[in-house]
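Have a look at the structure below, then the notes.
The chains carry the letters A, B, C and D, assigned in the order they are written, with residues numbered from 1 in each.
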Amino acid sequence: MDCIAVLTSGGDAPGMNAAIRAVVRTALGRGARVFGCQRGYDGLLDDELAEMRSTDVGGIIGSGGTILRTARSKRFRQPEQRREAGRNLRERGIEGLVVIGGDGTLKGARALCDECDFPIMGVPASIDNDLPCTDASIGFDTAVNTALDAVDRVRDTAYSHERVFVIEVMGRRNGFIAVEAGLAGGAEAILIPEVPYDLQNVCDRLKAGHRRGKRSSIIVVAEGAASAVEIHDLIREKTGYDARYLVLGHMQRGGHPTAFDRVLATRLGAAAANRLLNGTRGEMVGVRGNQVISTPFEIISRTERRIDPERLLLAEVMAQ
Amino acid sequence: MDCIAVLTSGGDAPGMNAAIRAVVRTALGRGARVFGCQRGYDGLLDDELAEMRSTDVGGIIGSGGTILRTARSKRFRQPEQRREAGRNLRERGIEGLVVIGGDGTLKGARALCDECDFPIMGVPASIDNDLPCTDASIGFDTAVNTALDAVDRVRDTAYSHERVFVIEVMGRRNGFIAVEAGLAGGAEAILIPEVPYDLQNVCDRLKAGHRRGKRSSIIVVAEGAASAVEIHDLIREKTGYDARYLVLGHMQRGGHPTAFDRVLATRLGAAAANRLLNGTRGEMVGVRGNQVISTPFEIISRTERRIDPERLLLAEVMAQ
Amino acid sequence: MDCIAVLTSGGDAPGMNAAIRAVVRTALGRGARVFGCQRGYDGLLDDELAEMRSTDVGGIIGSGGTILRTARSKRFRQPEQRREAGRNLRERGIEGLVVIGGDGTLKGARALCDECDFPIMGVPASIDNDLPCTDASIGFDTAVNTALDAVDRVRDTAYSHERVFVIEVMGRRNGFIAVEAGLAGGAEAILIPEVPYDLQNVCDRLKAGHRRGKRSSIIVVAEGAASAVEIHDLIREKTGYDARYLVLGHMQRGGHPTAFDRVLATRLGAAAANRLLNGTRGEMVGVRGNQVISTPFEIISRTERRIDPERLLLAEVMAQ
Amino acid sequence: MDCIAVLTSGGDAPGMNAAIRAVVRTALGRGARVFGCQRGYDGLLDDELAEMRSTDVGGIIGSGGTILRTARSKRFRQPEQRREAGRNLRERGIEGLVVIGGDGTLKGARALCDECDFPIMGVPASIDNDLPCTDASIGFDTAVNTALDAVDRVRDTAYSHERVFVIEVMGRRNGFIAVEAGLAGGAEAILIPEVPYDLQNVCDRLKAGHRRGKRSSIIVVAEGAASAVEIHDLIREKTGYDARYLVLGHMQRGGHPTAFDRVLATRLGAAAANRLLNGTRGEMVGVRGNQVISTPFEIISRTERRIDPERLLLAEVMAQ
């Protein structure tokens, strides 16, 4: 294989640029050519591909977002469009593709790989950390630290004004960010979609804390579990405390990637390019302990990442 | 004067702790005693005063919030309550008071000072920067940097997804945070309460930028000018672009104070204590260039801080 | 077991406070009493023990350093002193001990545990990350991000002045910080004690980069591999480039722990306390993937943590 | 005037890029053309000039260093070389020049302006803050916050190990960074070139602090006042305390500019371009309170910026 392409798709995640850089420089280092595709799968359909040199990825290891831009392509969900994408790639002389993204991105990759018999390797990048078969996804560590920074700041003002703050973090279908940021921020309660919660119990714990002299509290809520506004209304109602809320939103997507995310992205991007050039296809790379591993898309699609419910209990013990 | 008290009141601001430390250590250094009053003026009414030693303010110069806690006291608005506060102070043997806070705090200080003939010095602390007669208020520089950090993060994701983002920052009656964070963040438009804006004109500029190839934009809105949700709705409607919004909220109050705010707080806290112990009363300290100045409450109450409208024009030129 | 103690020993690491908090609150949550021992093993010898309540560890999850202070005890290396320490603990009614620290700390714990038949659990905390039998030690992630921040800053000025910068990071016996910070910072070369390096080869690569148009470079050196001053002298001599150096030093020990280190410390501190109270002894807790594990001191002492040499090769490929 | 050039020269400072952006976009906004000159005055001699478009300065407002690179030109000190530079500019059709830099840069600008009768405006950028006739120079606020971050980190480990730390910050001829970072970091002593210090007195104060229970201390030293190594040796000798040292070095030059520096750079860059295009020449722009002012090079060269010695006294009072 002498010529590959790389794209980023779905929600952007800090570290995507470091992964692009790793794919490009690994391929160039092995004498292959590399094309960058703009705007995810849409760029394949619109033939927005440009050859990349080493200097094109210079200085991007530490920048947030993705220089290749990204999109959630509706067109690519149609089989005929995917065949068009395969044709475009082949006409350019491109023999393999590295896709960097989350759950939806990998589904698209699997379809393209299977239907067009086109070699693809996936790199897990998702601030939600919802991909299985890897200890971590690119962007998660940065997003957690961004959320934690907000929790730390809010705690200052919560303490000063003796308030209860409800902070809503990203996580539509899971509570990974909420659990890590909540545990690291010393949150008094963490609400996530995977585990049913009892708001009365939360309020009882707030009251018990108040009796022990605790005058301020932080509740971290994953967006998929509840809305911060609603929770804060209910807490006001049930406890009478001065409650406020904050929705962190898209801020969690941006920022300079942490060391962890940069190293992870560099290792995974390089591994994906190397394996693709060596003939592997239809797999997603990942880390397991200190090892880089690789798992077929088919297994990825049948596996679900589970949250460790012990961490919620741990958070409760710690809040005492 | 051998014994003074210090309190923080109103919205908390990063650097209040550095100011408390400066008041306490300056007074102790001159052989005076110092009491810390909890929860702003409410603490005066409830006699929540405790003597402070040097170690009580050790290690707090860099922490956000206020160790003395703060509140917006409703009771203190009543003259009879203020007289009660004056009596409480005198019964403790306290001969002077330093209050650290914003506009409302200083109004209360003026009333107490005048009605009870009690010596008070004010220290300007307000993330909104709305106090006149000083180049800067404690907490403003930190709040601007916090808001800027969010703008920077959002720009990463705005660029990657080619979106327009509307970011709402604090500022109910003024646009100081909005202007500084917007200008520093390279915002394409800044909406503030002091200057009427024309949303059609903003949209026209977005479209003109789009024609020049600009695919993402940031609009910073002071909460007193408009709601980010509404602006984002209108932009979607008028331009058809993919617009999103973010409300920074209370995050802007917390966090470790910047070097500027710590130095400002230290200088002003020390100056307030020194002047109070020297017999000055009824004034607010402030900085003018490199000088510490002091202005009677009466002048403060008649003066208004004005925003520099040239900065909005500058932001427009820069966005081209 | 109804009463335990906790201490921190050896070089301080960000996250130690989070671990102390976890030990204290876990024990209290189970109805046990906890004593905090000051200054590491010296505090055991000098009987500097004080009972801790839940509020004593309030608000410390995010602070650097250790509220229990730490030391490298010379006295504790003598068997008779260790017996004295064991007697002191027993006289206080303390039945078990959690020690938080690195290599030397665990050696001392093993000796005390064996010689005095005293139940001890170890928690790995070391910015050098040199402890085996755990994926990570507390403080390492924070130290790497601190070093990376310095690398990022230096790159700005290296680029502007077209200079080669040699940055010396901590790591007397290993290159873990150097490899992670170097890889994440896009360093052109990384020198570590575990792998022999050829400076002529490094210079040849700098020259080759220069021919390709690269005008600035960063070399990260672990203190155990070489001195930054010497390397910078040799590079000047061999290449004629304008080289500068920087020794990061103790800055790497401090700072607020990252989310990763806070969560790791909370989990490991809680696990150590729980296992100790359940009757386990003479083991160090650790993480393996998502699991908390526990390994006997005896195995720890016979195992060595090895650096992954592939990361150095990866760094070379990435620097092209 | 229809065509100007811009360059950065001397030591790089965070915010230089924001100033370049402001010059470029202000000029373009007025219909003028702008050339960027690489590597400071050397680029004028080597004719390294390239025309700049608005997109060339897109996204650089927040980056450290300077995209135009910088140098300390030896050749430019010779009058015949400066005449050559003037000729090069005129041959290109360039009618005016904005130089961004410190003391030496402005000296060169004055010589070129006078000898070749070439219109030049200066923009003060220097992390040392040593330029007169402006409240602040671009880069100073960022450098102080970088140094403060290091002081904060070191304090964590100083506290934990009960050590005295001597931290050397930049400032060959003045102590501006030392005073601000020391005051903001709560340093126990600050040594600067402008004020003679008595090390015995410093040691006496350390001992007095020790007697009051203070177990750790920070001493901030400007490089022009003393070497951190020497001071730390002397302190060890005179007090017997466990002293360590740290030299911050070039790290202080890099990093993302703070909000303050970005706004300052934007205002000053725009003002310099506007005034140049309006016919002013031979002046340096600056800020005084909220006003942008402009001062002839000749007055700049005769004026000296003085440190406020009261801040050293304030630091002493605060350290008690």
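Definition applied: contacts are C-beta pairs under 8 Å (C-beta built on N, C-alpha and C of every residue); 3 or more make two chains touch, one makes a residue touch a chain.
Quick caveat, the model's predicted, so the values are computed rather than measured.
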{"item": "Far-end chain from chain C, centres as C-alpha averages", "value": "B"}
{"item": "Centre distance in Å when chain A and chain B are each reduced to the mean of their C-alpha atoms", "value": "35"}
{"item": "Distance between chain centroids, defined by C-alpha means - chain A, chain C (Å)", "value": "28"}
{"item": "Chain B and chain C, separation of their C-alpha mean positions in angstrom", "value": "39"}
{"item": "Where chain A touches two or more other chains, by residue", "value": "152, 159"}
{"item": "Chain contact graph, described as a line, ring, star, complete graph or other shape", "value": "ring"}
{"item": "Chains touching one another, given as label pairs in label order", "value": "A-B, A-C, B-D, C-D"}
{"item": "Contact footprint of chain A on chain B as seen in their complex", "value": "8, 12, 14, 16, 39, 63-66, 69-71, 146, 150, 152-157, 159-162, 165, 215, 244-247, 249-255"}
{"item": "Contact set on chain A toward chain C in their complex", "value": "21-22, 25-26, 28-29, 54-55, 59, 61-62, 135, 141, 144-145, 148, 152, 159, 180-181, 183-186, 212-213, 256, 258-260, 262-263, 266-267, 270, 288-290, 308, 311, 314, 317-318, 320"}
